[in-house]
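Take a look at the structures listed below.
Next come two complexes built around chain A: one with chain B, the other with chain C.
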Partner chain A sequence: MRAFEAMNPAAVTVTLLLTACITIFCLEPVLLGISLACAIAYYLMRNGCRHAAFHIGALGMPLLFALLNPLWNQHGETVLFIINQRAITQEALFYGGVTGLRLAAVFYWFRNFSDLMTSEKLFYLFRGFSPKLALIFTMAVRNLSLFRAQAKKIQTAQRALGLYREGHLIDDLRGGMRVFSILLTWALENGITAANSMSARGYGSGKRSSFTYFRWHNGDIVLLLMSLILAAFVIDAAFRGILTWQFYPQRIPPAVTLPYLAALAAYTALAMLPVIYEGKEVLTWHCLRRSI
Partner chain B sequence: MALLAAEHLTVTFPECEAPVLSDVSFSLNAGDFAVLCGATGCGKTTLLRMCKPELTPLCTQSGSISFDGQPLSALDNRTSAAKIGFVMQHPEQQIVTDRVWHELAFGLENLNTPPDIMRRRIAEIASYFGIEELLDRDPATLSGGQKQLLNLASVMIMQPQLLLLDEPTAQLDPIAAADFLTTLQRLNRDFSVTILLAEHRLEEVIPHSTTLLLMEQGTVIMQDAPRALLQKLPADAPVLAGMPAAVRLYHALGMRGKCPLSVSEARQNLMPQLSCACDHLPEPAPRPETEPAVQITGAYFRYEKNGRDILNDLTFSVQTGALYCLIGGNGAGKSTVLGVLSGLNRCYAGKVMIFGKRIQDYKHRSLHQNCVTLLPQDVQTVFLRNTAAEELAEIDRHYAETLADFPFDFTPLLSRHPYDLSGGEQQLLALAKVMLTKPRLLLLDEPTKGLDAQSKARLADVLHGLTAQGVTVLMVTHDIEFAACHADRCGFLSRGALISADIPTRFFSENAFYTTAASRISRGYYRQTVTVEQVVQLGEQNGGCR
Partner chain C sequence: MIRSEKVRRVLRIALPFVIMPALVLLLPRAMQAKYYAPVTFLMTGFALLLFLAGFERRELGTRRMILVSVMTALSVLGRMLPVIKPITALTVLSAMYLGPEAGFLTGALSAVLSNFIMGQGPWTPFQMLAWGLIGLFAGLLAKPLRRSKLLLYLYGILSGIGYSMVMDIWTTVWTYGEFSLRQYAAAVISSMPYPVVYAVSNLIFLMLLAKPFGEKLARIGKKYGL
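Up next, the complex of A and B:
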């Protein structure tokens, strides 16, 4: 078994997107709690305890929404207190908290997703749709950074020439315009060389194949099938109303039945997949290393 | 049988009267390592491009080129893409994708190669070129030398029979260039790849080449084995200026017999023929003492708080009106020194004085007003306008008057786009633009990069003209031959500190490894001869060759 990161990007994308989509569309506090916990667990496994600011921002979300929602939302029948002739209800408070929880969980999932998906993985996914588009995509990524680097070089060069007076806004603006216009010329020149280099290596000489280091292993198919089956089970339960909460005017949780528990268990399994794969890898590695 | 042959090839660009190539005939056998030399603008690039159907410019042509026995025009797209490889000058701009492995795969993808074969070829080529460690990297993070090796590898992966290279080392430092050329020799020796290389750095290539093609004004005037061809050259041929020091000595001293190509051949065959009765030239008169223009004392600089010191207790000074060359390896801190002096970098300790005033005391960009100016390595970054004239007028509307003393005439170039000028002309235009700000201290970063011998000589004339007018020039360079010929003083920078500084004759004769070819050739026979001219002068003083 490989770490979650090393699995086929398509399988990884499907797993993460299904987990995140269910989080978005299913307003079930218990399920959201599980989703958030799993997302944080995976994030911590990969990043350790860094990025405190991100954690504070994301985890402050439920609190913020719980406080804000009652200000607009007057529904609910349990009035806690009245400010400025507005009733602050317990239900509105709760509903705000739940939406905040959902947002926090989605934040973490997408952060995990963008950490995992390097440009070459995105390229691989794109390639499935259109190899040509995918090539344009990688060239665009590359040229943008070249463009930025050249702009910086030109600006430094011009500054060292002493062409602009200090703190002179008009000088700076005019300078910026000129730099931009010469950058376009530079990009065209650059583009000609790149086009030459491409055609010299046979670009456009007929049908192309497309190379990638990613392949489908049995493990990837297993991961894909597992996440599809688990997600299908949860979505089915959601459509049958097993996971539906009523928030207004009174808070009524769904009945705790066997299907309800089973759906939650299935979701837990789905959301835990990244953590399980990562954890297994760490464990295996630890054991293997002991024997070195 | 000839692998590549041209017969009476004449090429004319549309709307031009004179042909770029006229009546060119040559032939290369399989396994040849051919070097194409000639001054800038003599048609080398056009000739190379005519040999690669995908890059053939729009033109009318007569005569023929054949590849492997059949006319070039009869080759199908795939064959010509795979069998004829082409590497250009600029390392960065030839790269297409954003991963090294993908760059290697690019050519094979175009040929519709099955993935399993691609996988094997990438692994093979990466291990041959020693770039396995780099496979997952973004090419933008590689050094110039690594980028150019990647370009070569991504052409070689298609297993070409013929490799055309258009000044591939012009943008590289000497170590990376030597590395690249060694790789070419290996490819030629191990796989008998036929190579046609246009190049200015002839010192290292010529001893290993099998054929030399000499171009002049759009035609190949001579083709022969290097030794035979160089022996035949008249002693005043302009192309000699760019040849190895051994060859220049041979001709300047009017010798007979086998022409030496390398330093070791010159030491064995050429030097013993010279009398050593007087083994040194008189010391040149010392420069009159002048006020220091730059004085750096105990300077420390680092780019990041927790990084290493790039300048480490640097102490040195430059006299007003001198041409000072700062040399040293990669990462020695050469460009950083220029950054410090031009106010782009600020030292965290130490004292930096410019014309007797602390650099911090130049407020409100006054450092750059008629005082210090920096010409960066990539001179294209200096240009912002559409013509050379606008470029100059931007700084000074009356540029013609201001530049009246400038030792180069720009009139023929004024209406052209700066990007369309040759490397040497760009360098001079940028220099003129910079001079319009009337600096007293001119900082140059690698000004001789990519220039041929003639452009270098022209640049040297301009720089001497400027110092005669009282401008102080501080240049950092890898080009020790240029420094030896033209500097008033040289400084050797290593690990952020100045190790030694002296006038070039003493400086280079005391160095054993970091020194000029002429110094390595004459070592042990003569003392303090570091340029070809000095060896010739001393040799003639001693009565020429025996």
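Up next, the complex of A and C:
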């Protein structure tokens, strides 16, 4: 068992996407709460207590949506109070809060996903789908740092020529445009040279193979199967209407039965997978250090 | 852009004629609750897939591919500028000179790549599609756009407003879980400064870049005999 991020990217993607998709599809407050809690737990495990602004923004969502929804939405039968001849209902307030909860949970899952997926892993995933697109993608990523470095060089050279005054707004703007123009010329020409040398080495003349770090181990297949089975169980329950809430005109939660609890348990297990893998890694590390 | 010919052919026929209509018809039945947001998300994803599957067939050419990656990197760097962003202008320009496929790819890839920096989210497919389509249409209209400056500026302004309105659809669907004209109007009004900012920044960058970009590409074309 390896850390979650060391697993095969395809298995990781399937697990996270299934978790996030169920969150998107299923408007079930308890399930959304579980999803949000697991996503936050995993996020905190990886990042510690940094990025306070993101936490405040994401966790403010349910509150914001709960306050906004009644302004547009007048369904529901429990009127709390009336503003400007508009009824603010308890049901609309609740529904807004639930959609906000969904958005917050999805935010966290996507944030975790983009933290985990380095561009190299994304390349691995794209590769099977489209070699051409993967190539354009990696070259663009490489160009980013290349162009930044080149822009710095051009700027230094322009400064050395003594063309601009420092801290002068118009000169700064003109200088910026000039650097961009030079960079554009250089980038286009550099690109053509790269393309020429690629075709000189036979790019596009036959089938290509490519190197990758990632392989399928038994552990990856276990992870993939686990997440598929758990997600199938939850999705099946959702389609049978076990997890369906009625929001308007009256709030009616689904009956708390064994299948309902089982579906929630399955979802909890699915959403906990990243935390479990990560936690096991932390525990091993802790034990190893203790034994020194 | 899918490797095996068979899978591609199946996808090309199955996606628009079978999978997408089936989802639209079946999902509302399966889930009594609100289903707009997920369906919109899935549809956008499928539409993207469809475009990409279509492009693999066309021969893009090594040089054009590399130029697309260059333009993508430039527009991603440009997205880090404060307030005004050249991403649409650069997409339109590369579409005009490199063709509709290149335009679509530049727009869509710039969206994904810059979202690694700006924040990836469920809106990414929507942005990809919106920017990709701006590029695609600019590529299809390449001839008149190259001939008339006025038309190019008009396209820049319209695509800025159009982009904002397309993203407002996303906002509406995600915020309210359903789509109605009244809620859409509310979303459009609440996003008010943005369409203007987009339109103005597109206009500024097209004015600044259209001529030098055309000249530079013409020069490269002459120098390397494209």
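The criterion applied here is as follows: the second predicted complex is superposed on the first by the 244 of 292 C-alpha atoms of A that agree within 3 Å, B and C clash if a C-alpha of one lies under 4 Å from a C-alpha of the other, contacts with A are read in each partner's own complex, and residues count from 1 in each chain.
Heads up, the rule we're going with is that a contact is a pair of C-beta atoms (placed from the backbone, for glycine too) under 8 Å apart; a residue touches a chain by one contact, two chains touch by 3 or more.
Please read all numbers here as calculations on a predicted model, not as lab measurements.
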Chain B versus chain C as contact partner of A:289, first or second or both or neither: neither
Partner chain(s) touched by A:198 [first = chain B, second = chain C, both, neither]: both
Contacts of A:65 with chain B and chain C, given as first, second, both or neither: second
Which superposed partner A:130 touches (first chain B, second chain C, both, neither): second
First, second, both or neither for A:189, with chain B first and chain C second: both
Partner chain(s) touched by A:50 [first = chain B, second = chain C, both, neither]: neither
Touching partner for A:179 - first (chain B), second (chain C), both, neither: first
Touched partner set for A:154, first chain B, second chain C, both or neither: first
Chain B versus chain C as contact partner of A:73, first or second or both or neither: second
Shared chain A surface residues [contacts with chain B and with chain C]: 119, 135, 139, 141, 146, 181, 185, 189-190, 194, 196, 198-199, 203-204
Residues on chain C engaged by chain A in the complex (per definition of touch): 1-3, 30-34, 37-38, 41, 52, 56, 60, 62-63, 65-70, 72-74, 76-77, 105, 109, 113, 115-116, 119-122, 174-177, 182-183, 186, 208, 212-213, 216-217, 219-220, 223-224, 226
Chain B to chain A touching residues, read off their complex: 52, 54-55, 77-78, 81-82, 85-86, 88, 90, 92-99, 101-102, 105-115, 118-119, 122, 138-140, 151, 154-155, 158, 342-344, 364-365, 367-369, 373-374, 376, 378, 380-385, 394-395, 419, 433-434, 437
Chain B partner contacts - residues on chain A that touch it in the complex: 119-120, 123, 135, 138-139, 141-142, 145-146, 149-150, 153-154, 156-167, 178-179, 181-182, 185-186, 189-190, 193-194, 196-213
Interfacial residue positions of chain A with respect to chain C in the complex: 21, 24-25, 27, 65, 68-69, 72-73, 95, 99, 103, 106-107, 110-111, 113-114, 119, 128-133, 135-137, 139-141, 143-144, 146-148, 151, 177, 181, 183-185, 187-192, 194-196, 198-199, 203-204, 238-239, 241, 244-247
